[in-house]
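Presented below is the structure to which this report refers.
Naming follows writing order (A, B and C), and every chain is counted from residue 1.
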Amino acid sequence: MRELILDDDRIFPTEPAARAIARRIFTEIRDLPLISMHGHVEAAVLANDQPFTDPARLFVVPDHYVTRMLVSQGASLESLGVARRDGAPVETDPRAIWRMFCAGWRYFRGTPSRLWLTQQLYEIFGVTVEPSLETADQLYEQIDAKLHEPAFRPRALYQRFGLEILATTDSPLSDLAAHQVIADSEWDGLVVPTFRPDALVHINRAGWKDAVARLEAVSGVETGDYNGFLAALRQRRAFFIEHGARATDHGHATADTTPLEPADAERIYRSALNGSVSAVDAAAFAGNMLFEMAQMSADDGLVMQIHPGVVQGHDPQVAATFGPDVGFDIPLPVDFVRGLRPLLQAFGRDPHFRCVVFTIDETTYSRELAPLAGVYPAMRLGVPWWFLDAPQAMLRFREAVTETAGFYNTAGFVDDTRAFTSIPARHDVARRVDATYLAQQVAGGVLGLDEAIETAIDLTVTIPREAYPPLKG
Amino acid sequence: MRELILDDDRIFPTEPAARAIARRIFTEIRDLPLISMHGHVEAAVLANDQPFTDPARLFVVPDHYVTRMLVSQGASLESLGVARRDGAPVETDPRAIWRMFCAGWRYFRGTPSRLWLTQQLYEIFGVTVEPSLETADQLYEQIDAKLHEPAFRPRALYQRFGLEILATTDSPLSDLAAHQVIADSEWDGLVVPTFRPDALVHINRAGWKDAVARLEAVSGVETGDYNGFLAALRQRRAFFIEHGARATDHGHATADTTPLEPADAERIYRSALNGSVSAVDAAAFAGNMLFEMAQMSADDGLVMQIHPGVVQGHDPQVAATFGPDVGFDIPLPVDFVRGLRPLLQAFGRDPHFRCVVFTIDETTYSRELAPLAGVYPAMRLGVPWWFLDAPQAMLRFREAVTETAGFYNTAGFVDDTRAFTSIPARHDVARRVDATYLAQQVAGGVLGLDEAIETAIDLTVTIPREAYPPLKG
Amino acid sequence: MRELILDDDRIFPTEPAARAIARRIFTEIRDLPLISMHGHVEAAVLANDQPFTDPARLFVVPDHYVTRMLVSQGASLESLGVARRDGAPVETDPRAIWRMFCAGWRYFRGTPSRLWLTQQLYEIFGVTVEPSLETADQLYEQIDAKLHEPAFRPRALYQRFGLEILATTDSPLSDLAAHQVIADSEWDGLVVPTFRPDALVHINRAGWKDAVARLEAVSGVETGDYNGFLAALRQRRAFFIEHGARATDHGHATADTTPLEPADAERIYRSALNGSVSAVDAAAFAGNMLFEMAQMSADDGLVMQIHPGVVQGHDPQVAATFGPDVGFDIPLPVDFVRGLRPLLQAFGRDPHFRCVVFTIDETTYSRELAPLAGVYPAMRLGVPWWFLDAPQAMLRFREAVTETAGFYNTAGFVDDTRAFTSIPARHDVARRVDATYLAQQVAGGVLGLDEAIETAIDLTVTIPREAYPPLKG
C-alpha cells in the first residue's frame, strides 16, 4: 500500500528561491473565494441538496476525463457504468466500478485528473492511501461513510469550498426552477444560470425542430419565422437575466461569425423547419447566430463565451450508443483571425459588449488569440479549458499569451467541471500555476514581488468579478 | 510611488549555477556593437538630428506595441494622439497622452514593452520611479528636460548606443536624400537604406498605379509593360546599392513564390495598369514578384528578407480612419514548405543568393523553417519578430529550431523598431535570451563554456555581419 | 585542441535537487536492454558481420542528419561522398570527407547529432579530443584502427550495446534472406523484419508497376486485379510473420485512411496498371490502403506504424540526382483528427488491432494525438521521431501529451536510425529525457519517486515489449 501524498508545494518551481516566491504569492490567493463562472454542475444538486450516491457515481461514472483514460487502456464504457441509450444493461455495482478505477490509478500519472482526484480524496475525504486494487474496498467504505454525513451534502460543501458564486449551464428552454428554489430558500449560496443556446442554433442536429417548438412554448413568442425565432431567444435571455444570468456560452465547430443577409437567414431557417437543410447552410446559420448573439449581448449585457473547435462524437458508434460527453469529443484546428473578424469588426470596440474566447487549439495562442485580445477592448482570453486545463498546459498558456496580451486581457479561471467536489482542486491548481508563472517573473528580475502579488489577486478575484458583472439590480 | 527597478540579472535562469554561466556569457557580448539590419527608424531622424519633441511622441504615439495595449483596455487611438486620416481632431497635449500611458503601466506587466520601456527610462533618462498616474507629470518633466540636451539628439544617441550600422526601410521610389545628407556629412555613423517594394508588387492596393508612374519617373525606365517594370525595379536596386543598401524586405500575406509564365505576368500587369485585376491574379502576381526578386538578388547580391503571414488592418474601420501600423495587424498561419518551394528549388543552392525568412507563426519553427534552413544553404532563419520578439518567445524559438538547424543557420537579431531609443534595450533583451539559452546548454552538460561564448559572439556580431555583407566597394 | 567532453549528467535538469532525482531514476534504466523496434539498419550488416569500412562511411556519408547540416553551410553532397544516380564522380577519399565533417563540427552545436556523435566517439571509440580540421587526421586513424578489431564488428557491437531485439525495415518483395542467415546461424542476436509496403501502395510513384509484377512473382499470387493484389500482400505479411516480423510501417503524405468502395479501388488499381492514374486517385488509393492494412493487422496481429506528413524530395533536382533520404525531405502539417477517423471508427476499439502513430508536426500533440490516444484503446502515440528526436523536442512531447494521454498510451522509444553505432546513444538520450521529465514531476511534488522509477522502467522496456508482441510461436 502506497501512502497518498499531497505535497503542499506541488506544481511550484523546483528552484528554491523561485519556489519560495511562488509559495509567498500563493499564500495571498490560496484562500480567496472561488468564483466559478463556467461549469456543468446542475442547479438541482444545490436545490435538492441530497447526498451524493456513492464514490463511483461521484468520481467515475460522470467524469469523462476519468472514463476516457480507463477506456484507452481497455475498459468498456459499460463496465464503468455509463448508461446506454438503448437501455441495455451496464455495470450497476458501484463497488465494481470503483475497483476498476482504483486498479487503473497508475494510468493517471502525469495527468491533472490525478491531481484533482488526489486533492479531493485527501482534503475532502481524508484518504491517506493510494487507490489500487488492494485498497479499493477500504477506500470505498471510507468515502461512502462520509457521503452520508450532513457535512458532505452539496450546500455544506459549497460553503466549505468558499464558493462566492457558481454558474451553471442551461438550455434556453429551461424554466430555471432549480435556480428559483435556491433563490427562494433561506440558504445564501449564489447559483446563477448561463444561457447556452447550442441546441437551437445548430439547425441540422437531431431534435432541433422539437427544440424550436418548445422555445415557442416557453417564450410565448411565435417561432414560425426567423425574426420570431430571434425574438423568442431575446425573451429567454431576459428571463435568464431575471434569474441572475451573467453570461451566454456557445460551442461551435468553427469560429465563424459571418452574418447572413436577413433574407438568407430567413430562407435557411424556414428550410430547416421544413426538415431539409444542407450542411453548408447549417454551418453558415451557426456562424450567423454567433453574430446575432453578439448583437444581443451588446444590447442586454450578457457576456458571450465562445468555445469553438471540437468534433463531437469522433466515433459515431460510441455517440449513437452512449450519447455526447463520454470522452470521444476531439479538438480541431481553429481559425480565429478570419472567423471572429465579422464579430470583432462590428462589436470589438463596443463598450457594451464583452466576449471571452476559449480554445483547445493551443497553436492559436501566440499567433491569433493574444494579438486579437491585445488590441480589441471587447475581447478577453478564456484561460485554458478542457484538455489544456492542466499545470504544464496552463503554464504554456501564460508563456504564449502574456508577452502580447499581458495579464489584464485574460479572463479568470473557469473550472468547467461536472464534478462538484473537484471545484476547489481545480482552482487550487490554477492558482498554483499563476503563482508559479508570476514567481518566475519575479525571480527572473522582470517583475516586482508586490506587483506579482497584486496581479495574482487580480487574476483570482478582481478580473473574474469584472469580467462577469451582475446585470440584475 | 514604486521604485523603478532594472535588475542586472533580468531574464537569466533562476537556478544559481545556470545564472552564473549566463552572466558570464552575457559579459562577453553585452557591449559589442549594435548591428541593426532591419528597422523602421527614418533616415531623416539622423540626417536632421533634431531633438525628439516630447515624451509622448517619443514613447507612446508612434509605438503600436504601446498604443494597442492601451486600446485593448479601453483607450481610444484619438486619446493617444494617433492622427486620423480625415484630419479630425485627436489629443494634442503630450502631457495628457503621457498621463494615460503612465496610468496604464500595469497593463504592460509581463510584456517586452515593459522591459524595453523600463530600460530606456532607467538607463537613458535616469528615471527611478515607476510610471503611474501620480508620477506622470514628474516623469514628463524629467524626460522632457533631457530631450532638450545635446546629448539626447539622435546622432549623439547613435554613438552612445554603440551602433555599428543602422538599416532603414525605404520605398524604391525614394531619392534616398536623407541617406545622402548623412553620407555627405562629417558625422561618421553608418545609415543604409533597405529596398522595400511592397507598394509596387501588391497590384491591387490603393495607389499602385500612381506608384508605378512614379517608378517610371524616378528610374527613367518606361513601365508600360512588365519587362519595363522589372527593368525599372532593377534600376532602383542598383541605385539603392550605390547608397549602401545590403538587403531587400518583403511583406506578403502568404509565403507563395510561384513564378508566372512571362505572358501571364504581362497580362496581369497590364490589366492592373488598366485598373482591373482580380484578387486571385493579384495574389499570383505577388508570389511571382517574390520569385523575380529572388532572381534579382541572385544577380545583384541584395539579401532578401521575407516577412509573410499578416492580415493588415484586421478592423477595416480602424484602417480607414487611422491607416496601417496602428496595432490592428494580426498574424495568419503560413505554409512555408509549399510556399517557398519554387524559390528554394531555383535559388536555394545558389551561392550568390541569400534569403532570411521571418515568421510570426511559431508553429512553423520545428515543422517547416528549421528543416528548410537546416538543408538549403541560401536560407537563414530570421530571429523572432514582432509579437514574438520577447524573452519567452525568443527562448521558444531557440528551443524549437536549434536542434534541427543549429545556431549557424539563423541570422542575427533584428530590432525591427520605429522607436529609436528602444534599439539598445531590444538588443539587450535578445543578448540576454541567447546567453540564457546557451547557459542552459552549458549547465545541462551538452556544450562547453568556451564554445558557448564563441557561439554568443557569433550570434551577436559575426553572423549578422556575414549575413548582410556590404555590396558597395 | 579542445577536449571532447561527455558529461555524465548531460540533459538532466540544472537545479540540484531535481538533477539528483533524475540521476537516481536514470540509474535504474541506464543499463536495461535496448529494444529497437523501428530502424533502418540492414539485416545484411548483421548477417555478413563484416567490419565497417571507414570512419567517413560509418559516420558521415549515409547519415542524412549529418550531410544536411554540412550542405546547409555550403558543402555539396558530392563532396561528402553521396553517390549520384548517374554515376558521375563524387568524393571517394574517406579522409577528405572526414576532414569536411570535422571542420564543420561547430555547426552541430545544439543538435542531437552532436550528442549522438560525441557519445559514439567517446564511448565506443575512445576519442577524447573534439573533431576539428586540426584533429581530423588523428581521429580518422584512431577510429579506423578500431574498426579493424573483431570487437568492432556488427555482431560484437550488438552484444556490447545490450540489444534485446533489432527490427529492420523491409520491402514486401524481400526474400528476407539476410534474416534467414541470422536465424540459421549460431549467433543468438534477434533481428526481425518489418513490413513496409510504401512502394506498393503509392501507385503513381516511379517503378510501381514493376513492384507489382515482382509482388506477383515472390508471392505466387496473381496481382492482375485488386483482390489479387490484396491477397498477395496478405501472403507477404504471413511470410514476414514467419520470419519474426511484429509490425508494419507506413510513410504517407497525409493521415487519410478513408476506405474506397471496392469497385472504385478496383478501377483505380486497374488504371494504374494501365499506366495512367491521377494524383487525386493515387492519394485516395493510398488512404484506402491504410484502411486495408488496418484490416489486415486486425486479422494477423502485425502492429501498424503510421508516419504521415512528409514532402519527399522538396528539391526535385536533388531527388533526381541523388535519390531519396539525403536530407531534403521536409515535414508538412497533418490532420489526424479527420484523417484517422475512418480507421479509428472501424478498428480503434478492436482488441485485436494496435496502431502506433508518429508525427513530425508537433502542433498536433496536444490538439489531436493525445486526445485520440487518450481514448481509443487501439492507438498508441509514437515517441518523437526524426527532426523531433532530440532532448528539448522530446521534453516538449512529454509536456504536451502526458497531461491528456498519460504515460501508458505512448509507445516505447524508437531510434529510427540507419547508423548502427548510434543506437545506444539515441536510447541513452531518450532515457535521460524521460528521467528528466519524471524527475521534474517528483521535484514538483506531483509524483512519488517510486512511481517515477516504475514508470521509467515501464517506458524503457515494459511498454515496448507489450506494444510489439511476438506473433510467431
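A few notes on this one:
Throughout what follows, a residue touches a chain if its C-beta (ideal position, glycine included) is under 8 Å from a C-beta of that chain, and two chains touch if they have at least 3 such contacts.
What you see is a predicted model; the values in this text were computed from it and never measured.
Judged by shared residue numbers over all numbers used at their interface, subunit A and subunit B contact each other through mostly different positions, with under half in common. One copy, subunit A, sits rotated relative to the other, subunit C; on C-alpha atoms the angle is 120 degrees to the nearest 5.
Separating the centre of subunit A from that of subunit B, both taken as means of CA atoms, is a distance of 40 Å. Contact with two or more other chains is made by residues 15, 363 of subunit C.
Those residues of subunit B that touch subunit C in the complex are listed here as 13, 15, 17-18, 335, 337-338, 341, 344-345, 348-349, 351, 363, 366-368, 370-377, 379, 399-400, 402-409, 440-441, 443-448, 450-451, 454-455. Interface of subunit B with subunit A (complex): residues 2, 5, 7-12, 14-16, 68-69, 71-74, 106-112, 114-115, 311, 314-318, 327-328, 330-333, 360-363, 387-388, 390-393, 396.
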